């Protein structure tokens, strides 16, 4: 089977719809708010009442410009809003205000890091503004239409079909997600639906110039499913080509219960959306000076933070990469380091211990039970010698389970490292007294038995004695 | 002494100031005229004595002296394609039967803030598509000058209401002539302001790049007063201009014609009724005698106006009317089996023939393969029409043309051929295409005793000059009496 | 002359159910109007220059501030069918 797969490559393009982080909707002053009661954030404009007219949200355009700058796109000084005409219950006006022939920016790119370590540049064909539709909630006896989401500002980011496998697609998506989060452009919450991804997938034999028939894959609503769904679809198409079956242009959806893609609808000759320039709006003017203003006020982008982490915290490129994978994680690391004072130790703890536990528990950094300041505090206590590294791991486990502070856990469990010379010497004396044979062996030249004595002292002190000190004091006592 | 319902705005305002009568008395007089004449004319679709008298009492009983308000106690009828909270809004269509407006149009709100009294919702062609008020799903409106004839359209009811003395003024909308042409056929003053002068927020959109709100009245002063109250930037309408609104009534004081040059385009003046031509020529001569310079101008591409208009307007309309789908409001068919038949049947049942025709025309003009040849081409020729006027306005201050090639025609007379009906707007369409202000003033009666209208077309946002010319004409001809 | 199929195609795009009588009525009317418009074909209009109808001094943008519409009830009152605050429709099959 794998031999067959080697003959082919996939051609993948992704379309991402990202809701913009504005207070109000794209064309009206209703709240842009997730989870409100059915039909509470509505007004004549977003419900398509007779006589209502759109008015562009300036902040939405600003955030769109930020995205364009972050993705290295060419911004059009004059772009046009257009009506995309079609009928659907969640589209109250019977058209969506979007952009068609003249989107506000095009020809951008984003650098994506692959697991092989190499970098690949993925092209961004275009980004345009549009308004979101409402939501249809299917019930057995009918459909309920909720227009809270109708009119929420979106940017649609269309990539070039530059990706060749699901890993590249996944990495592109993560990189895009990161840029939008770092830029405070979009919340990036796939489950809530404010960052939505559709994939266009086709296959062809390697070396062929012609594109195969592309299939649209919709409703990929989590990062975990993106790669799975794409892999399944690629395999499905390869199988069909091998069997000389025609691949039909259609829209499919990922069924996460069955782990398959299924037909959603046949794509008839492409919809006739009868696009024409929106007559209720003037052309969108974006001046160079406005772009400069926005550029100056741009939040730090992931690559910048990654570079800064290397210079400021002395981290390796790899470690910096791990810690800047998401904005939350980078902020978490910064906070932890501020408290702990130790960049390298913090990097290890966050990247390995914390992320490891989070992954195992199926949680994202946003859901961490361990606060950054608490983790930093834990690390600080190791530095100060209050607890050993080994004990600290136990404390961390407890912190993760209960969310308690390290101070409380150490106190409750009496885990303070014993660094008192007298106490350690007392324990050593005990061990020496209990093991006369090994003492004489050691004194007779078996220096390797030092480890035995140290081990016994650690056991005697329930692991809480400062190992370094134990080592030194045992040596001294037995010399 | 005129009955209260027959007084014009200026007289009402001075009467209120001198405490000669109360708003309630005026309202009662208007409501009486309505109850007497509306059954035959069908000018108003919703009349509500309770609402009207409640408002009249409110105005009379106000603790401060509101008589300084610019439209205090002035009864105004509003075309039924405006949203006015608390009133119906059918747009002359069955598809909006029973719809109660959830908000008030900005233009109407400004009238109300100025003390006006909304007297009723006026009949109109369905979705403002028509030139005779015959496409209304609620029955035609009749011309008070001759009940067998049309009042014009699409704002037929608004014109008829004023011509029949139901109220001194009304509001209409004008997309291709729908204020000016009925004004002409009913012997009134009617204005279509420059595109962007008055807010469109709250009027049922027909063709977004052409629609404008405007007044009907007996006198130029009255229309000027209505215009200055309604006009101006509206944050809710992104197509309104920020240009300051002049005090139009004040500027009427200086209405001399000595500095004015008026343009006539002889090649444009074809297909006129002989009476209309005669009245037009007389008006031009009179204006010349009063001091205006008359020159010839050429508007070579206005002859394409019909084609350009009937591609652009239906295209925009096909999209604007997509919201009438029976999902969130409006008529929903009772018998359907799935969402598609729900849409098809609701719209099939709710829209009349002319509306369906224009929706289909527009859908076709925008559809794949036809967009370039039809819609796009039309928008390009539209620019040429606009340029023709720009050139003309380098040489003159306003262009004169009859408002309508004929006087009021009989009901049913133009229904067999769509083009016959469309051609009644041949002199008004280009003005919307070019976004210019246009005013129609009465300039005589034909041999049958039916009113003839003279149209003055001005430069963008030069309503002041246009009103001054109209006022000068009115001073020569006098105010046309009602039938 | 527009064919019956063409008329039905347009009617479908516009979601208009037409009776047989209406189909032929519209066939005639649409053809009549469209034929008239062929006069535009021969006009040499500058390519790419369409009219700008919106005044140059319009206001493009709105500040990103939330304003709650004061009468939500009035918006829902005109609905043909509501359930739990949502607009109720018969069950939709994903047809397009």
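Order of writing sets the labels: A, B and C. Residues in every chain begin at 1.
Operating definition for what follows: a residue touches a chain if its C-beta (ideal position, glycine included) is under 8 Å from a C-beta of that chain, and two chains touch if they have at least 3 such contacts.
Since the structure is predicted, the reported quantities are computational estimates derived from the model, not experimental observations.
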| item | value |
| --- | --- |
| Chain whose Cα centroid lies nearest the overall Cα centroid | C |
| Interface with more contacting C-beta pairs, comparing B-C to A-B | B-C |
| Averaged-CA centre spacing for the pair subunit C and subunit A, given as whole angstrom | 41 |
| Chain centre separation in whole Å, for subunit C relative to subunit B (CA means) | 23 |
| Separation of subunit A from subunit B, taking each centre as the mean of its C-alpha atoms, in whole Å | 57 |
| Touching two or more other chains - residues of subunit B | 99, 102-103, 209, 235, 238-239, 318, 322, 325, 327-329, 339, 343, 363, 367 |
| Residues within subunit A bordering two or more other chains | 44, 47, 49, 55-56, 87, 89, 143, 145, 147, 272, 274, 279, 281-282 |
| Two or more partner chains touched - positions in subunit C | 13, 15, 50, 53-54, 58, 60, 62, 75, 87, 89-90, 92, 95 |
| Subunit C-touching residues of subunit B, taken from the complex the two chains share | 85, 98-100, 102-103, 195-196, 209-210, 233, 235, 238-243, 301, 304, 306-308, 310-311, 318, 322, 325-332, 336-345, 347-349, 351, 353, 356-357, 359-361, 363-364, 367, 373-374, 376-384, 386, 417-419, 433, 435, 460 |
| Subunit A to subunit B touching residues, read off their complex | 44, 47-56, 83, 85, 87, 89, 92-95, 143, 145, 147, 272, 274-276, 279-282 |
| Subunit C residues within the subunit B interface of the complex | 7, 10-18, 22, 25-26, 29-30, 32-34, 36-37, 39-41, 43, 45-47, 49-51, 53-55, 57-60, 62, 71, 74-75, 77-81, 87, 89-90, 92-93, 95 |
| In the complex, subunit B residues that touch subunit A | 82-83, 89, 91, 96, 99, 102-103, 105, 200-205, 207-209, 235-239, 315-316, 318-319, 321-323, 325, 327-329, 339, 343, 363, 366-368, 371, 375 |
| Residue ranges of subunit A touching subunit C (in the complex, touch as defined) | 22-24, 29-31, 37-40, 42-44, 47, 49, 55-61, 86-89, 136-147, 264-265, 268, 271-272, 274, 277, 279, 281-285 |
